[in-house]
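All remarks here apply to the structure that follows.
Chain lettering (A, B, C, D and E) follows the sequence in which the chains are written, and residue indices restart at 1 in each chain.
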Amino acid sequence: MKKLSLNSLNQWLEGIAGERRVIAPIEAADQVNYGVWTPDSKIRLDALRTVKSAKDAFFPQVENMMNFRAEGKNLSVEMIDPKAEDFVILGVKACDARSFDILDRVFLSDPYDPFYAARREHATVVTLACGRPDENCFCVNFGIDPADPKGDATMWIVDDTLYLRANTEKGEALVKDLEDADDAAVKAQQAKTREVAEKLPFARLNLKGFDGDHLMEKFNDPHWAELSRACLGCGTCTFVCPTCQCYDIRDFDTGHGVQRYRCWDSCMYSDFTLMAHGTNRPTQVERFRQRFMHKLIYFPSNNEGMYSCVGCGRCLAKCPQNLNIVKVIKALGGDEA
Amino acid sequence: MRTDNLIPMIGVVTEIRQDTPDIKTFRVEKPEGGKCFEHMPGQCAMLSIPGVGEAMFSITSSPTVKDYQEFSIKKCGCLTEWLHAMEPGQQIMIRGPFGKHFPVEDALKGKDLLFIAGGVGLAPLHSVINYVLDNRDDYGKVDIVYGSRSKDDLLDIDEIQSSWMDPANRMDVHLTIDRPQEGWDGHVAFVPTYVEELGFDPNKTVLVCGPPIMIKFVLQALTKLGFQKEQVYTTMELRMKCGLGKCGRCNIGDKYVCKDGPVFRFDELDELPSEY
Amino acid sequence: MQRELIDRIRALMDEGVATRVLGWKKGEFFYDTEPAILTAEQLDQLVYDSFCGPNLSKYLIQEMPKLEGKIIALIKPCDSYSFNQLCTEHRVDREKVYVIGVGCKGKIDVDKLRARGITGITAIDEDGDTLTVHTLYGDETVNRHEVLLNKCLTCKGKEHRVFDEQIGESEDTSAGADRFDMVKKLEAMTAQERFEFWRGELSKCIRCNACRNVCPACSCVKCVFDNPNTGVQNKAAADDFEENMFHIIRAFHVAGRCTDCGECSRVCPQGIPLHLLNRKFIADIDDLYGEYQAGEEIGQRHPVINYTQEDCEPSVVRERGNQA
Amino acid sequence: MQKIGVFVCWCGSNIAATVDVKAVANALRSEPGVVFSTEYQYMCSENGQNLIKDTIRDYKLDGIVICSCSPRMHEATFRKTALAAGLNPYMVEIANIREQVSWIHKDMTEATDKAIVLGRAAIAKVKKNAPLTAGTSPVTKRALVIGGGIAGIQTALDVADAGYEVDIVEKSPTIGGRMAQLDKTFPTLDCAACILTPKMVEANQHENINLLTYSEVESVSGFVGSFKAKIRKKARFVDEVKCTGCGVCTEKCPSRKGLNEFNMGLNTRGAVYIPFAQAVPNKAVIDASNCIHFRTGKCGICEKNCSAGAIKFDQQDEIIERDYGAIVVATGFKPIDASAFDEYAYNQSKDVVTSLEFERLMNAAGPTKGTLLRPSDGEHPHEIVFIQCVGSRCSRDASKGKEYCSKICCMYTAKHAMLVREKYPDTKVHVFYIDVRTPGKNFDEFYRRAVEQYGVDYIKGMVGKVTVEGKKLRVQGSDLISNEQVHIDADMVVLATAIEPDPTARSIGTMLTASMDTNDFFTEAHPKLRPVESPTAGIFLSGVCQGPKDIPETVSQAGAAASKVIGLLSKNELVGNPCVAHANELLCNGCSQCERVCPYGAITYVEKEVRGPEFRGTKRVAVVNEAVCQGCGACTVTCPSTAMDLKGFSNNQIMAEVDAICR
Amino acid sequence: MSVNTEWKPKIVAFCCNWCSYAGADLAGSSRLSYPADVKIIRIPCSCRLNPLFILRAFQRGADGVILCGCHPGDCHYSTGNYYARRRMTLLFSMLSYLGIDSRRTRVEWVSAAEGPKFAATMNDFAKTITELGENVKLGDLRCKEN
């Protein structure tokens, strides 16, 4: 265990930022999002949640994949080299840290995604334990310990001190020069956090029956129409979600060539599955159902029961009309546990 | 592990045939000649025109054709309109192959085969039929039921008549059109009705492709004739983008059509939500 | 008031006025009320309290084709403007809706509590202007007015512009605030300052379309930004331009029709003050073409589809000297 | 991929001298979609057009781009060329590399580069073009002529003679207009009334002509072939059918306060009056503002004296609504108000008169019965000064006068001078002029006759001031030839005042959506090639309303306008402009905003069953009446969902041009 | 990106067919020159100008956009330019509000008879834009040539 006074945080970060980009929760225009840290940035390690999750660091919202040029009848294609620069992402909470495992299942399974893989390879993930879970946090349901997140290194903030623990070699390299510390304060904080986490309103959601075996039963559940009634079909939940990974591939004609880029997409959008002759999900009920079925049934069915939800609570906080996955779990759940 | 699946290669359209008023067949080769990649019957490829779009099409030609791949494409949207407006010699982008193919090397081997196709639905089966034809001795009796709206909408009619109907090839081809038409002395009936009329032996293995409504009724007809769902294969069409089972839009239940399909056996489909 | 409302709706349903009501229902917490359409059997789920912020009028569009008879809609004073505007645009049929004008004394914004560092909120006791917030980490007291939704701080008044009957008292929560205050502040800045302000705000945009999808004026059957044939379709704010483009065009498309309901800013996950774009158009319209409030009456012809021969020239923008 | 052909025109040296046409053709050849690109000396020539036609056929072109002069010049030509080769005429786009490039740029590189960019934009646009087919609309076989002067009368007669009905709407109680006020006409000096009145009578008696005098057009709606006009027939307070034109009432009328309009207010008339002896229709009219009966409720002398019982004090304005296929504007002119020219003492002395007033003073039917007398004291003037260009060619002080030349003043002043000298050889006549402009048949001979034969004293120079000195008018001017100041003590001064369009022209122009220039003259569709048509289809121009003209020019333009009208009315139906708005039902929100901005009422809403990939069912959608739509595009911008688009100028077409230009 | 030795502005002029495009033709036939940086797009009426087109032009790298139409009251379609006037006023005001220099957008009324005015307007506008320099605030970086 190492430690660092919060007062010297900037100094430490400057040292790291000299060699590689540091991505951290930064407040800009009143909102905290992950961004590239500079000495002028207002770092907000204390913020429980960033608006957007940390997935941007590996799977950015927009990413150029290749360029095309046309001359006469001939085409040429030039692939964009996946960014191969080392970077540190700092302050990732336990829920977001778990989301990387989930995204890995998607992007690093065969055939792996070169863009995502390159970023994963070059990243050092420094997580931060939660000290003050919010009432709509529910990560504990997915076996996540908010007090002891994973990553290459883990941080705790106790009063004015930042405690750090390296979990991997990458992490070790980052913290090795810091002052040693004992873990008593961290342990105390962990106990407190865990105590709160256990008492959270959604600490014990009933996830029984959310598996591949109950696929058709859940799919045909009569509650979907009611659950989705107020859904605006916007992409807020998708875009703030740390595990949503659907994307679109689009072409942009710059006037000098065509850029093929990919960008986040949302299964909540009416054109997500739209083809020239129609769509297989004609109403918001089907689209809404798809999103939650995927997170709670389809994904675990293909991934040894791993849910594609980390309980970060962003959709609870951000849905314009207060729809969210907890309401779905409760409505569709079997008998109360 | 392949990493280039998202990056297409350049293909040249070397030949374009107008098959029906709204279907053209495109022959695609590498700029230096030869096939862009190897594939198996039932697999698909992503064709794209930069700036217009990219879409998944099933490969119509048989893997036994060594020099090129062919795609029979119906005009129905922005990209297909562009494709239909193309001239031979133009380049397009192509990537693939994608998806599961028909089990021509295992489950189908040695079986009596019944192919049932409607309209442009012949395109994916075309690949299998020619594959079977080129390995004729590996399979039992072959029947083909093919129907379309009118005689002008029958795909590959020249090839059907000259090759598939050639007695030497030992295949029974049953053509039908939906409505009586001048100049047509063949059968007139909807495909499902014709299948029922023909009354096939329920020991055959069936490969069916066509419009959803046709498939639904063909399945009913087959059930009546005593076929089991485990004997029937089909291929699906959904909106796809990445082809890698990652972008999410062809996700049906716990399957991704681009990766786990497009070829499915009907008993597999029964376990999926009916969102296709 | 919630009890009174439920009783009255039940009575109306018993009379056969309608079989369903568009209102709000309870969520998981006391604050996360959800727009809902409820039948007589589900009426007990109906909630009407200080957390019923969402403007419901847009939901009526999708209900119109399904309706046999009427639907009851709970409309707050500010929502009544949107309702009228939708009627003007033939998106909602006034005849098919039984409007209960529900009283409103301002709605509370939980995010404002969170922004004050009050987290782990489990309950709120309201006592006049004082709110006692119970949290996992202890209790806090705040002034109610300070945590009202932004739109309540520029309340359009307690009058329902349309209703079949009214239930409950309303209160003007604007406290005399000038809703153009921030617009004026921005206008007073230099061009560079304004540019930086908007870059800072708009660069947060994640193009989730929440602003558009919640907006009662953005009721297009297919938005230009979703339509591949328009040439401006895009799914992501790929760069600065896309961020600007989407919001400028959206604001322009609703100019003259925007009732300033404030939903766009309420739902923005990134807290972008989108209403300041719409409000700029409103300020300009008021200033250049005479005061106009969209949705005041059904059947109005809004200023952007109107003209007078004496209108000012576009050079007025330069002449007003706010280009500095 | 579409196959586009590009044709770059040299326009002789007009384009080729400044634009490297070969380089343009070469650059455009490599644009995606272009399969053919060439240049040629004159694309609009027969050979050029044949080249285009052959290429369209040989290359099976889907669209062509002509880089040439303005589309306003030859768009129609090349569309016909395309059609002749079997290509839809709307698959033609023109890059304007003459007016917008070669004629305004000097640097060859710069001009060539710009020509290439404009060519690219046209290629980008034509690739988004769609073949268009025009709709048709019926033609109402009746014409409306607004204005009953010589222009209107001549047009009406010519149209009527061709067998079509014509309504003449004249705001004053009689037709005849300004020409009726003239005494003699240059250069032949025949009497205006003698040549005009037979035409007036003919118009009155023509079975196809319907005179609506004392009437004004209130509103016009519709479009070429199907105009609908509302005409207000003002109350004459005299029953036109019963009135015999005997004139008894006009003699008995005790009110004598009304200024005689016909005599330019130089004398008065009764409140009930017939404008002049040869008025058509020869019917009395009551000027209510001067009538004692209308002012006090008493009098009624005319009523008592009318044996025909034609006086009708209770007559009301009548609104007549009629359909017309064509409208001719013949609203004429008036002299400008001379009172603005204080330096010529027009306001100070009655003996300073305008030329039109002088015309009345010389006329036998005028206030002096044709004897030239000073209006102030009725004495015979012995020395007269004519001042030309009063208010014309006023470039230095445009607020007072007009920048243009009024064209007719030189000649009528020569006429006046000559007539004075002939009738009163003792009278000295001086004419101050800037230039004497006599470009017409026998005009210069006429002017020289005035100088040489009649001894009119022409002084090149300006008059600085006219001052009243007792009974005399002191004219101070400068003689630019002898370069000295000139002082003349004259008995009369005649001002050749500029002419301007009739004040009613502006409102009529707005009503007809016919464009006008800043002087309120109607704009012709083309200054050289379509001089008698307004840019607004179905609106034709006759006479001075289009620009200053003398009588023969007016009559010939009137005839030309008539022939255009006849050409139009001879058609049973018109082929419309296919560049009209169109609503995509699937995208339409049914919001009615477009309906509200359409100036033609071309958009209506209906409940309709629509089927699309995302929607099936009944919805409220906009429908465009293609015969009524004129293609302005106001609706397209109002529509937030782009459901409304304009054919020929679609969103995608314009956007493609923008992209190409900004590339 | 290559060094911008001689930057030339890109100016898009939307001209209504009936007045301003004819005015441009008159400027041409009168040989009244204006910078080649101005490229004209013909639209039927000033009211056809969709704000989308203006933003599109800026996206693609335009440095200035000008709309020319018939003088108010002279619209060939009688009311088109009145609508255009309101729309453009509001749009320009909005762009200015976002910090885009209001001198980059302009509306001028030019009749078919005003060839000299057309040329003078374009000269003046081009001069203004040249002085303002490259538009960096509203444009799509992807569209820059590199």
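Here is the rule we use: a contact is a pair of C-beta atoms (placed from the backbone, for glycine too) under 8 Å apart; a residue touches a chain by one contact, two chains touch by 3 or more.
Because the structure is predicted, anything quoted here is derived from the model rather than measured.
Using the contact threshold fixed earlier, the set of chains in contact with both chain D and chain E is A, C. Between C-E and A-E, more C-beta contact pairs are found at C-E. Centrality by C-alpha centroid: the chain sitting nearest the overall protein C-alpha mean is E.
If you average the CA atoms of chain A and of chain D, the two centres end up 72 Å from each other. Chain C has its Cα centroid 51 Å from the Cα centroid of chain B.
Rounded to a whole number, the gap between the C-alpha centres of chain B and chain D is 69 angstrom.
For this pair, chain A with chain B, the centres built from the Cα atoms lie 39 Å apart.
In chain C, the positions touching at least two other chains are 224, 229-231, 238-239, 305-306.
Shown for chain B are the residues in touch with two or more other chains, namely 78, 87, 90.
Shared interface positions of chain A, i.e. residues touching 2 or more other chains, are given as 70, 248, 252-253, 255-256, 265, 270, 274-277, 279. If you check the complex, the residues on chain D that touch chain E are 70-73, 96, 98-101, 103-107, 110-111, 113-114, 117-118, 121, 510, 513, 515-518, 523, 535-536, 579, 597, 599-600, 630-634, 636-638, 646, 649, 651, 654-655, 657-659, 661-663. Note for the complex: chain C touches chain E at residues 186-187, 191-199, 224, 230-232, 238-242, 244-245, 248-249, 251-252, 255, 277, 280-281, 284-285, 288-289, 303-309, 311-318, 322-323. Contact residues of chain E toward chain D in the complex are 10, 12, 17-19, 21-22, 24-25, 27-29, 31-34, 36, 39-45, 47-53, 56-57, 60-62, 70-71, 73-80, 83, 87, 111-114, 119, 143.
The residues of chain A lying in touch with chain E in their complex are 252, 254-256, 259.
Here chain A touches chain B in the complex through residues 65-66, 68, 70, 73-77, 79, 106-107, 110-114, 117, 212, 215-216, 219, 245-249, 251, 253, 258, 260, 262, 265, 267, 272-277, 279-281, 286, 290, 293-294, 297-299, 301-302, going by the rule given at the top.
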